[in-house]
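One structure follows; several queries about it will come next.
For clarity, chains are labelled A, B, C, D and E in written order, and residue numbers in each chain start from 1.
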Amino acid sequence: MKKQNLMQKIANPKFFMALTDKLLPVITFLAIGIVAIGMYLAFFVAPVDYQQGHTVKIMFLHVPSAWLGMMGYALMAISSLSYLVFHHPLADVSARSCAIVGAVFTLLALITGALWGKPMWGTYWVWDARLTSVLILFFLYLGIIALRSSIDDEALASKQAAIMAIIGVAILPFIKISVEGLNIPWLGLNLPSWNTLHQPPSVLRSGGPTIHSSILVPLLINALGFTLMFFALHLKAMRNEILRRKIKSLKLAEIARIRSYESTIANF
Amino acid sequence: MIEILLKITDLVVKRSDCIVLNNVNVEITSGEAVIVTGPNGVGKTTLLRAIAGYIPIVSGSILMKGIDPQVEISERLHYIGHHNALMHALSVRENLKFWAEFLDEEYHKCGNKNSRTISTDSVETALEFFRLDKLAEQPVAYLSAGQKRRAALARLMVAYRPLWLLDEPTVALDNESVKTLTSLANTHLRNGGLILAATHFPLLFEMSNEIELLWPDKDTDDAFTSGEEIK
Amino acid sequence: MIEILLKITDLVVKRSDCIVLNNVNVEITSGEAVIVTGPNGVGKTTLLRAIAGYIPIVSGSILMKGIDPQVEISERLHYIGHHNALMHALSVRENLKFWAEFLDEEYHKCGNKNSRTISTDSVETALEFFRLDKLAEQPVAYLSAGQKRRAALARLMVAYRPLWLLDEPTVALDNESVKTLTSLANTHLRNGGLILAATHFPLLFEMSNEIELLWPDKDTDDAFTSGEEIK
Amino acid sequence: MRSFSILLLRDIRVAFREGEAIGTAIGFYLIVVALVPIAVGPDPKLLSKIAPGILWVALLLSALLSLKRIFKTDFEDGTLEIIATSSLPLELTTAAKSLAHWLTTSLPLVLFTPLAGTIYDLDTITCLVLILTMLVGTLAISFLGSIAAALTLQTRQGGVLVAIIVLPLYLPTLIYGTVTVSITSMPPGDPWPSFLLLCSLSLASLAIGPWASAAALRHQLQ
Amino acid sequence: MRSFSILLLRDIRVAFREGEAIGTAIGFYLIVVALVPIAVGPDPKLLSKIAPGILWVALLLSALLSLKRIFKTDFEDGTLEIIATSSLPLELTTAAKSLAHWLTTSLPLVLFTPLAGTIYDLDTITCLVLILTMLVGTLAISFLGSIAAALTLQTRQGGVLVAIIVLPLYLPTLIYGTVTVSITSMPPGDPWPSFLLLCSLSLASLAIGPWASAAALRHQLQ
């Protein structure tokens, strides 16, 4: 067998299973540890906001999950693209797992956000640009999952879901534009932000973060921890999917055997 | 008349991850008809659809010599499948007219000079040939099973394609119409056409080889046995 | 075994107000099969659908003697039409199970004692008989044309009905399966069943009369010539 | 009626199997509910004012669009023909199918209304009344809808035509449903009369629906 | 491309022939437009406030529901297979079909908007701007919609799943469409940027739509 480079090696399902078998526990452990530290800092070290009171603590859960909800989609889109280009099953497996994990984190962002909204804005929900666009992101996830599950032929389902995911990636810039507006001088285009109550980004913004480090540090630590958790879940989901397909292909092999068996009758 | 050759070598095709065609080899030359037979579910339809380019092939090759290489094989063939490809809302004539214009135009573009140009009056010829002229104004929805099938077959006449892929063309046809079809096929063969037909019904084309698809058996991976001539 | 008689007299049926069947007369008794042949569009399907009660009849009568009069004829027959009546989303077994329960229960209600009660294991028998047991778990959408047709025919076995109306039952079937169908039909006839089949394909049932539908010609309004016995 | 329940169960199974009919109906409902505020603008007072009406309309539409499913598939693959050869009267067949539609589509939609309600921040009582009226009203939707579904079987038009045919039939339901809600939400006035009227409308549709759609089906089997 | 125009004309003819596709879409549009005031209650100020949003949503929905038609029929009766054996690239086939959908559905809907506008007594300028934005926006609807139609061809779900899949893609169009209208109706503010964005969205969908739906179709001809 010819020499593979690292990428091909990892792309090989057998090797992938072996690798993740080792890796997964480590990542999971790290994730839990870091999140624990982050939460400790968040609850016992970070100062209590004078106007938000303790509700500010929600941020440490809310912001990372919001980021990961978006990152999950990006990852899914990339996997989908590489699946359509290279036809590598692993890419499809990854895309499929992303859809589910990403949807969960997006839902988490929505829920925490809503819970935070009650004390802050007096309502669970406002039709604000940020909230709405994230809701749409969630719908996109759901749509892709629904599409996949409503096509019997799995090979077909994967391709269709991939196309859908790639088209839908437009939502990511939209989440940004809707809140921060769009300003392209050389086009003479200056789009005001579409009506919003939501916090303008103060971490992921051009010109550096604007929030105090006593909050920024635990926030970033949490973000790191949750990101690791995301990948832990993602890898786990991928492993399950691979196993499910192994079983299915065994079933199909059975059917193939049977078709040839049928010949023995047919030839009488 | 230019010689055309359809050459299928070591074709392997999957249907939802289970191999249906395993190393199939077929060769058809101008003026020749190949009839594929075999038990239900052995892969006749799959073979035809793979040639028509509907199903991606896993390995092997499908080549057509004698047509200019720019043109896809799928543009040089007529496919008559289990579905009749008729718009139920439109009348028989409207359906055929559409196919005549739509496919015919294609034909002009890939401009193969030495065969007759198709004009829309070919529609009338087709209607008469398949005894549909009386029903021409009826919406397709009102036709009987066999009449629908005849309307579908009439497509073969309204635009010229060298290769005909016929999947159980005689379904629902009465003996009369089967004769009609046979004579049409024979003229096509005499004009140097190629025919690949999958059927359970004995078809009597001139110059036809019968080929039987068999169930793949474990030891040999050649699912194919070239049958004897039956001229 | 009770004698059943299906008597069709002077049947007249219209299709979108043009008369298709004109004074048709057919008589079928227990253990007898009648095969309706005729050119495309002459009205075979129309005849079967009229008997099944799908198409209202203009005049004439369709009587069934030997079943209790409360029960509609349409509840004492199996109709195998151009459509297979299979839910593509469900597996083959699920489809048959549904028909077994659904039609079987009917049968019990109109409680005809002297014939075997059908239990759901009749589904397994049917699956094996039509060699579908290996495909039982597949969604119907994945079957080949002939396999679908076999699944449709299997319906004949999962619930007992004395009268079978078969509209081109052999479509897409390979010879093997045609044999299977024939033997099934023959056992049905021996058990005193009735069969009315419309087909272009020569079917070899025991005790079958062939009857040919002809185009109505202007002078005489009898569209019908009772064919000769071919026992 | 064993065959009635068999048919009912099978329809429910198919509804679950076939690409999560239920999920999509709910999804459509939520999306419409989400679209309106986006289009109308995020003024909370305005929204909570129009909320009951919008929710009703959204429910109506998403239930409507799944109506086509009731007969279409069975008709096209010939299943309906065979069902007609059973001793189950066609009226009961249509009843079973309408009921299956109510259970698999209308009911889940109603159950999701509280969620939609919070999005428009409706107060609890209004939300409860809304759900109650919807529970009653959706019966009319499923059973009257089956008529249109039967009528439009032959046209390849699908959901839209169905909608057009039945919407007029729904107007009374819609009106008394929303009126009941609005009266309860702004006290002076007694909601009972309109609610009772709503109930009687649903009862009437329960009686008429199966019968009418059976009549419509008979012609299509030719 | 002669075959392009042939296909286009034939699709338009079929659309007219088959159960008045156009009529039903328009009917649905008007009915939804009419339902909302009934459900929300007849307060003129309130209505004229929500009018542009409601009209946009109604347009979106009624265009949506006819989307399924784009490929479904041709796919089921095998026409699509044969079209694929022509030298017309599948991308152009899908483009022709999307265009036909725009001409036979979206365009008539837009033309009926003034009528709908009168129901909500919109002032002329707002109505004109609304129509302008709709004219541009519906392009996105038809061309993005064809993607969803192609993706959901194999699912028995019909219109609803299409809606769910495609609505998120429409949101930007919807938002910038309505924003443009609302800005022009209440002066301080420059409608151009959002309008330009709307146009660019439509252009993008013109480019992406046919290509993506062709990709989605290819896998299904098996």
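Just so we're on the same page, contacts are C-beta pairs under 8 Å (C-beta built on N, C-alpha and C of every residue); 3 or more make two chains touch, one makes a residue touch a chain.
A quick note: this is a predicted structure, and the numbers were derived from the prediction, not measured.
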{"item": "Minimum number of chain-to-chain touching steps separating subunit A from subunit D", "value": "1"}
{"item": "Cα-superposition angle relating the copies subunit C and subunit B, to nearest 5°", "value": "180"}
{"item": "Per Cα centroids, the chain farthest from subunit D", "value": "B"}
{"item": "Chain whose Cα centroid lies at the greatest distance from that of subunit A", "value": "C"}
{"item": "Centroid distance [mean C-alpha coordinates] between subunit C and subunit A, Å", "value": "56"}
{"item": "Distance from subunit E to subunit D - Cα centre to Cα centre, in angstrom", "value": "25"}
{"item": "Interchain centroid distance [CA atoms averaged], subunit B/subunit D, Å", "value": "47"}
{"item": "Contacts with 2+ other chains: residues of subunit E", "value": "18, 73, 155-157, 161, 164, 167, 171, 175, 222"}
{"item": "Residues of subunit B engaged with two or more neighbouring chains", "value": "15-16, 39, 41, 82, 88-89"}
{"item": "Per-residue overlap in subunit A, given as positions that touch at least 2 other chains", "value": "132, 136, 139, 142-143, 146, 150-153, 155, 255, 259, 262, 266"}
{"item": "Subunit A residues within the subunit E interface of the complex", "value": "84, 132-133, 136-137, 139-140, 142-143, 146-147, 150-153, 155-156, 159-160, 163-164, 166-168, 170-171, 174, 178, 182, 187, 189-192, 194"}
{"item": "Subunit C - residues contacting subunit A, complex", "value": "89, 131, 134-135, 138-139, 141-142, 176"}
{"item": "Contact set on subunit B toward subunit A in their complex", "value": "16-19, 39, 41, 214-218"}
{"item": "Complex contacts: residues of subunit B adjacent to subunit C", "value": "15-16, 38-41, 45, 82, 135, 142-147, 149-150, 168, 171-177, 200-201"}
{"item": "Footprint of subunit E on subunit B - complex, ascending", "value": "15, 49, 52-56, 71-72, 74-75, 77-79, 81-90, 94, 98-99, 101-103, 105-106, 109-110, 155"}
